[in-house]
Structure formats: structure tokens, C-alpha cells
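In what comes next, subunit A is part of two complexes: it sits with subunit B in the first one and with subunit C in the second one.
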Partner chain A sequence: MLEVDTRLAKNEKIPWRLIEEEAVLLDLEEGEVLRLNQVGAEIWNAIDGTRTVEEIVSHICRTFEVSHRTASRDVRRFLKQLLRHELVQERLGVSMASA
Partner chain B sequence: MGESASPAVQVSSKSRPGNRLGREEIRAVARGAALVGAEPINDVVMMEDHDGAYYAWKRAGVSGRILLHIDAHIDWNWIADKDPRALLQAQSLSQVESMLEERGVWNLTERKPDELVHIGNYIYPALKEGIVREFYWIVPDSFMESPAARRNLVRQFQSLKKITPGARKTVSVTDHRVVAEIHNTKVTACTLSHLPEIQEPILLDLDTDFLLPEPSESARAVDDLWKQLPWIWPDQLVSRLKDKGIRTDFVTIAYSVEGGYTPLPYKYLGDELALRLKHPQLPERHRERLAHKRRGSYYRHDNELDRAIAEYEMAVVLAPEDASNHFNLAYLYDQEGSSEQAAARYRQAVQLDPAYATAYNNFGPVYHALGMIETAREEYQRLLRWDPQSADAHHGLAEVLATQQRWDDAMTQYRTVLAITPAHARALQGLGFAYLKRKQWDEAITQFRRAIALEPQDGVGYFWLGEAHRHRHRWDEAIEAYRTTLRCGVRAVAIHRKLGGLYLRKRKLYKAWEQYRKALRVWGWRTLFAIRERSGRLWEKFSREREPCLR
Partner chain C sequence: MTTVQEKEFGRQLMTKLDGQRFPLSGQWELTCRCNLRCIMCYTDCFNTPDMLRRELSFPEIVRIMDEIQEAGCLELTLTGGEPLARRDFLDIYACTKQKGFLVTVFTNGTLLTEKIADYWVQYPPSMIEISFHGLTEQSFERITQGPGSYERCLEGIRLILRRRLPLTLKTTGMTLNRNEVVRIKEYVAALGCEYSSKVQYKFGSDIRPRLDGSEDVYEHQLPEQDVIAIEQADLEFRAERGRQNRQVIERVQQGRSLCGGGQHKFHIDAYGQLQLCSNNRRRSYDLRHGSFQEGFYKALPQFPCPARTNAMLNVPPS
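== the complex of A and B ==
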């Protein structure tokens, strides 16, 4: 369950790079090359281990001028996908309260 | 036939890998080179597995040479050795896409490139590292005898193209040669008769299996594979090389017995080749010994057992230390019904050369692969008459019984193998499989785990472990075992399909969907490492322009 104050960090084993505003990721564990589109890349870039889910949602709202509701729904959905693929992980021990 | 310590060609400080040899370098090489079949060649390196040739060239500092590869197999496949991090250096997404068009070259497993070299691909690193700059594959004459055989040869080149579509620039097929240019390397496949004139000294790389017909062809030609004959003998091959004016300073010869390529009764032909290359003027005693062996083969082929025995016994008198004579006699005595004599000869052969105790010292594996189950069983039983403690023969027999679904008998044989060799991973796996078939899941799991402990990189073992867990309804363990199978590099539709089913059971719908998609891709409609759509309908509702998605 993703809470608003959940902080996510990129899986450090995943080499990646932004190319033409998209992100190319190498998932060597699964033997796959993944490509994130511009919005996906923006979210990926925003995942730095310190930003909360809510902060990422706000960032997407500002950058792409979409409503908070739409951004919140889709960012969460996307983050869950990243979690399922183990491309990101929840940063344990760091919450809004302790930050 | 010992390995040579002296290098064939020392690379000068000016020479770079892959460069054509300069005039001075050619002269230097030529000084150390000999006309095959006329002058003695000093550097002849023998090996069992043919990829040893690559390591021998490396040790000798060989560079920029023409390779004459005389073999029934091309031994050139691509190695997925490209570091995928290079994809991240691309300047554009279209460049990433074009880089990914080369399938099967990206090492997405994190295994080191040198761990990926084997007998089927060692020529690839030799070309890549500049050891070899031009490659001639001399094929057995039968490979060019008919249009169907030539088509088969062309298919081998086409399979190289499938992996790297841009690699092959040209290909021409005539009645005599298939010529291609792959990654700027000229590759010519032809018979020895149609080899063009080569001016400079070449690297001569031979496989003993070149001398024998393919096992399936032999099985059609003779009622017993022990009676097969080479299509060309070593002296004839050397003579044809001499007629072509081939000069060389460095020879590599593989026996290739393991895997069933060269029949063990003819392993000695590799030694004979080496002998004839090193000593073109063969001493009389060697000539006489080899003549006895050859006559013995012909008599065996004609079922004249007494005369064959007499010839091999003469060869033993001339060279009692030659294991092959004893080994060939073991079969002949066995055919005559003298089991004790046969066993004694077999023991002597193994004592002289322990390599004769290989699992390929009989035609059981070949017959089994050809579906001749009863003949395979007879072969294993023959070997057990010679050596009742042969774990490999018991294992072969167990495999035959498993094929016949005689699980109780198979299990008895597997247990016998394990009593002789407790750490026999394949027997443990076979026993586990038999338990699996008898629906004794826990016993199967125990055996598979023991097998995996011995061979932790064997993905197939994990697959069967996954099967046992799945039947036991231990979904998480089954998922983990199947995932490990994939991590070990085993790719099969069944694995993804089963993983998909398990994720469905656990209501992990997205993961299930992912696995079914992978199954479809492995099935062949999608390229293995292509960038692909990953989110599909889930994201359709989101702004088409701004959707965050995994593609």
C-alpha cells in the first residue's frame, strides 16, 4: 500500500540513462531492456529516496499541468508497477514524521 | 602427443589484432612454417574439447591469421558478450532500437564473456580478438554432394544472420563453395578439393570427427555402429592437404569424444593425424602398427571377427601401450562371446588411458538419441559386462528404462549409480524425476535438492524442483524454483506458462499477464530483447500525450 508519505528509492542494480527525455533501464535480473516514456521518465527521475509519493505527485502536476486527482491516480499506479518489477523499493525507516 | 610449449607466432609490437600480416611478419611466420605432409610440423597441440584451440592460440600469441578449420561442425556461433551498458551510451532512441536489432549478442545475464566460450562458439572470440582474420571451414565431402546438403550448409549461415541481421553483407553459393562476409570477415565453406590457393602459412585446426560420417548416417549404413568406417583416413587427409600446398606452423587437433562426436574406437585417428603431421616420413614401426589397426577396422566392418582380432593383436605386440588397440579388442572378444577376455582388454585400455572410462565409451548415448532404445540398452549391458561398477553405464541404462517408463527398474538403476558414485547429480535428478512420475512429491523434492546442491547452475534441476513444489501446492517455492530456472539461462514457453498459472493462483494478475506475454514471446513471435510495450490497456485512460508508462 502506497501512503502519501512513502518514500521510494531506485533499485541500485538497475543501470539507466535519460535519452531524448525518455529513460532506458537495464533489468539484468530479468534480462530485459525497458523504456519509460517522457512522463514515466520524469517520475523515475523524481524517485530519489527522499521525495515522498505526494511530492512526486505534486511535481507531475506542475510539470505536465494535470489535475492533482489524475496525477495522483496515475502516479500511484505507475509506482506500483515499478514496485512489482522491483525496479524501485520502499525506503524503510524514513517517513514523513521522521523526515 | 604432448602440448607444445613454444608459440607459433610471436606478435610483434607493431602488429595489432585483426590486422593483415605485414610482409615481414609473413616472412617470419613462413620461416617457421612447414609444407603439410612433406615437412615436420613442430607445434601440434592435442585437446579433447575443441575450444582448447582458442586458448592454445591465445597462449601462443597468434594474431591476424587465416584459419583452416577442418571439422564436421562450424563451431562458430555468436556469443552474447556485448555489455548492455553500451545501450545507455546511445545518442538517440532510434540508435537504441537499431542496436537492439542484433538479437542474442547482448549479455543480459551478467555472466562474464569468458564463461560463455564453448566448443560450439570458440571461433567467434578468435575472430573478435583478431587471432583469426579469415576463416575457411573445410567440410566433409558429403556436405556438398547434393543440393539438399548444400541447402543445409547455407541454413547454418542464415542462422548466423538471424542473430545479427546487419552482420552478413554478402553470400554466394556455388556448387563448390558457400562464401559469406560476416562482420568484415570473409568466411568460406568448401570441401578440401575446392579450397582456393592460399599463399601464406595458415592456422590448421582439425577435429577428429571430420573423418567419420555423422552418427545418424552411420547408423543407416551399418547394423552396428562399432562396424562403421571413416570416410577418409588420416593419411588421405594429410595427402590432400599436401596436394593443396598448405603450409602451417601451428596445428590444433581435437578428439571430440565427449558428446559423442568422435566414436571412441576411432579416437586414435586424432593421434594418427598428429603423428603424420609431425613426422611425414613415418617410421616403419608406426606405419606397420597403423596398417594393422586399419585392417582390423575393415575386418570388423565385414564381420570377420577372427581376422580383426588377429590384426589388433599384432598392433598390441607393436605398441602394447596404445589403449585403443585394447579397447577395440574388448568389443571384438565380446562379439565372440569371450566376456572375460573382453573385460580384461577393457580394463587394460582404461588403465593405459583413463579417458577410455568415459560415458561415451559405448554407443548407448548415440542409439538413445536416435531413438534406438533396445540397441542402446544392449550397449549399456555390454559395458556392464566389462565393468559392472561403471556408474555411467548404469546411468545410461536407467535413462533407457525411464524412457520406457519402467520407473521401478529405472529407480533401481539410479540407486545403483548413487551407491557407486554418491555425488552423481544426473542420477539424483533422474531419481527425482522417477519419484515425480510416481507422484511421490516429497521424495522428488529431496532428490532434486541434492542434485541442485551438486550443480547449482543447472537450471533444468530447478525446473523439476519447481514441478515437484507445484504438485505439492507449495506455490511460493515453485515460483522461486521456476524463476531460478530462468536466471540460469533456461528459456522455455513451459516455464513462463507455469509461472503465469502460479501468479494467477496467487491473484497477482499483472505478473501472470507478464509471464503469459513472455511465453508468447519465447514462442517466437516477438524478439527476445526487443523494447516492447508493457502497460497496454492499463494506461489507455491516461492522457495519451502524458501517460507515464513502461513501454
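== the complex of A and C ==
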């Protein structure tokens, strides 16, 4: 489970861009492009190495007017996906339980 | 999260952006500084202390890069002069990676170091393009006018190949190297085999007036029949020429501009001037005093472009 105070940073090997409310991430090794919908793009954009998981959840609550419980579940699920694909990395010096 | 193949994504994106102005791809001439003095170089005339002092500083570059990122630009080509001749090159490069750009670096290869190559392993560019204009030390250095540059360039190429980084070598065909081009291509293929790495090769014959307007460079330009002879001598060159011709015809038939300058592409020179493309600097928008957003969407569409006129008239460019 991701800790609330975990900070994540984008993997700098991955080129990405927000294009018309969608985030596109280029996996050059696999020759693939990952496309994130509007919510995914908002989460991706919020991952800056300084915000905690809890701060990202709050940001999503405010932006999309959803309950904290729903946002927390969806954000965590999405972050785990990003971690699994090594698109984000845990910010050094910050603890994280097994995701 | 959905996944598509790169080519398919490219098609989808271009369909989505069809007819829309969007700054997807930019070329940035970081400096006119260079350690070589290639005879056909169009930027070398500004490789002077006075002009170098006027170039963008690192903080200015970062500020402009922020604006480009915010505008949605994905692809950035860093060029020069010799971009690696900037002392802060790695800082600039690191910045492009932090901001998520897909980066190509154009270099002469002679200033590559272990440190830069190792950094590129950690944060790889999508392509490194090294100019390679001569097959022998003599012919190479007759063009670069830099003693020792041949061996330094080869060492730079080896640094890249040993690390299996993406590499393209490219040659500008000129009167001085016309008899070497096909053999250079063969040499490049052999290099790739030696290092078990695919090395791409590009041949071009484009010679441009120098940035100060002088046209003495044209004395090195290949006559058209020589360009054709080189292209006909190699199967891949022939195929590439055919592909480019088909692309031109298709664009003209569709009434589209022959280049993406100002539509999906842009160029920034060493002084922060935003232009339609590297080959068209008739007018500029000063990014030191204005925003990228305004420059790209308001200024560039007003700038003259012969390719645009030709497309509208439905005739091929001369």
C-alpha cells in the first residue's frame, strides 16, 4: 500500500506531453505510446517529486469534485500502475510500503 | 491507460491535429559557437566573440523551454553551431529531460566525452545525429578545417556505439566529397556491424547561404546531375528520393504546406528569435521580449514562406 506521505517523481527517461487534455507518454524501448485520459493526465501532471500521495488525492478531489474515498482509491490504483510500468519513481529518502 | 504503437500514435495525432496549428516539434540552435570551421557552415559567420555574447543565457533558455513545454511541444532538436561547445550543454540537456521532451541532438561529435555519453545512457536522447562528411582524415579535415577533428569525431562515434545509443551519421554532399558519399554509407554500415548496433545514415546536398547573407558557400554545392548520380548509385538513396518526391506530390495535391514550419514545427535561433524554420529566417519573433504562445500562434502565421505560396498555387517548389 502506498503511504500517504510518499512522494513520487516522473521517470525522466520517459518523454511525455499534455496534448489536448490527454497525457501521452513515450516508451521508447517498447516503441509504444501510453495515453492517459483527462483524470490520468491530471494525476500525471501533479506528480512532481514534491507532492505527497495525499496531496495528489486532494487535488483530484477538488478538480473533479469527487469524494475523498473515490479519489483515494482511483489515484492509488493508478499510481501503482505507473510504478509497475516504471513510469514514476519513489522520491529518494521517502519511505514506501509495498505497493 | 491505453497503449498504442508509436507509428499508429503518430497517425492518430496528425489526424487529430489536422488543420490545427500546434507546436509539436521544435529545432533550437543553442549556439553558433563551434570548435570547427566547416567550409559550408551557415552559422560559423556568427561564431565571433561579439555575437556569442548576445546568445541566450541558461536562465533565458530555461524560461523559454518552460513556455514551450506548456504549449505542448513534445519533440525538441538541439543544434548549433556545435551545441556541445556550450559549457552549460549538459545542464540544458538535463532540463529538456526533466521537462519530458523527446530530444534529438545534432553534433559534430568531436566534443563528446565519457561524461556526456554516460549521462545519455542514463537519460537517452531519441537520436544523436553526427555530421560525418569525409571518409579519410584528409578529406574530412579539408571540410571541417580542424586538425585532429577526424580522429576526435571517430572517438565520439565509438563512445556512442559502445553504449548502444541511437545514432545517425550524416553527410552533406559537396564538390569535395562527391566521390566518397556511397563509400561513407558503406563504412557506416560496417561500423554498425562491428558494434552490433544499428547506425542510420542520411545523405543530403542542401547548402544554405550563411546567416550574414554571404553566398560563397555555393562554390561547394554539387551540380544537380551529381546529386542524382549519387542517389542512383545506391538502392536506399533511390528509395528515399522516391519517398520524398511522393510526399511532396501528396502535399501539393492536398494543398498543404510543403513543410510544417509554423503549423506543427518551429525554429529558435541562438538569440531567442522564433522563426518558421531554420531555412526561413526572413522574419522573427523575439522570445526575449514576448511569449512563445503569442509568437507561435500570432506571429508565425503572419511570416512569409515560399513553400506555403507554392502549395497554395498547387505547383511544386522550384
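The definition used in the following text is that the second predicted complex is superposed on the first by the 92 of 99 C-alpha atoms of A that agree within 3 Å, B and C clash if a C-alpha of one lies under 4 Å from a C-alpha of the other, contacts with A are read in each partner's own complex, and residues count from 1 in each chain.
Note that in this section a residue touches a chain if its C-beta (ideal position, glycine included) is under 8 Å from a C-beta of that chain, and two chains touch if they have at least 3 such contacts.
The shown structure was predicted, so the numbers you read here are calculated from the model rather than taken from an experiment.
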item: Fit-or-clash call for subunit B and subunit C when the two complexes are aligned on subunit A; value: clash
item: Partner chain(s) touched by A:Arg84 [first = subunit B, second = subunit C, both, neither]; value: first
item: First (subunit B), second (subunit C), both or neither touched by A:Ile43; value: first
item: Which of subunit B and subunit C A:Trp16 touches, first, second, both or neither; value: both
item: First, second, both or neither for A:Gly31, with subunit B first and subunit C second; value: both
item: Partner touching more residues of subunit A, whether subunit B or subunit C; value: B
item: Clash with subunit B (superposed arrangement) - responsible stretch of subunit C out of 37-45, 91-99, 235-243 or 253-261; value: 235-243
item: Where subunit A meets both subunit C and subunit B, residue numbers; value: 15-17, 19-20, 24, 26, 28, 31-36, 40, 78, 81
item: Complex interface listing, subunit A residues touching subunit B; value: 15-17, 19-20, 22, 24, 26, 28-29, 31-40, 42-43, 60, 64, 66, 70, 74-75, 77-78, 81-82, 84-85
item: Sites on subunit A touched by subunit C in the complex; value: 10, 12-20, 24, 26, 28, 31-36, 40, 78, 81
item: Interfacial residue positions of subunit C with respect to subunit A in the complex; value: 1-6, 9, 13, 16, 22, 69, 72-74, 97-98, 100-103, 122-124, 126
item: In the complex, subunit B residues that touch subunit A; value: 84-85, 87-93, 96, 100, 106, 108-110, 486-487, 508, 510-511, 529, 531, 534-535, 538-539, 542-543, 546-551
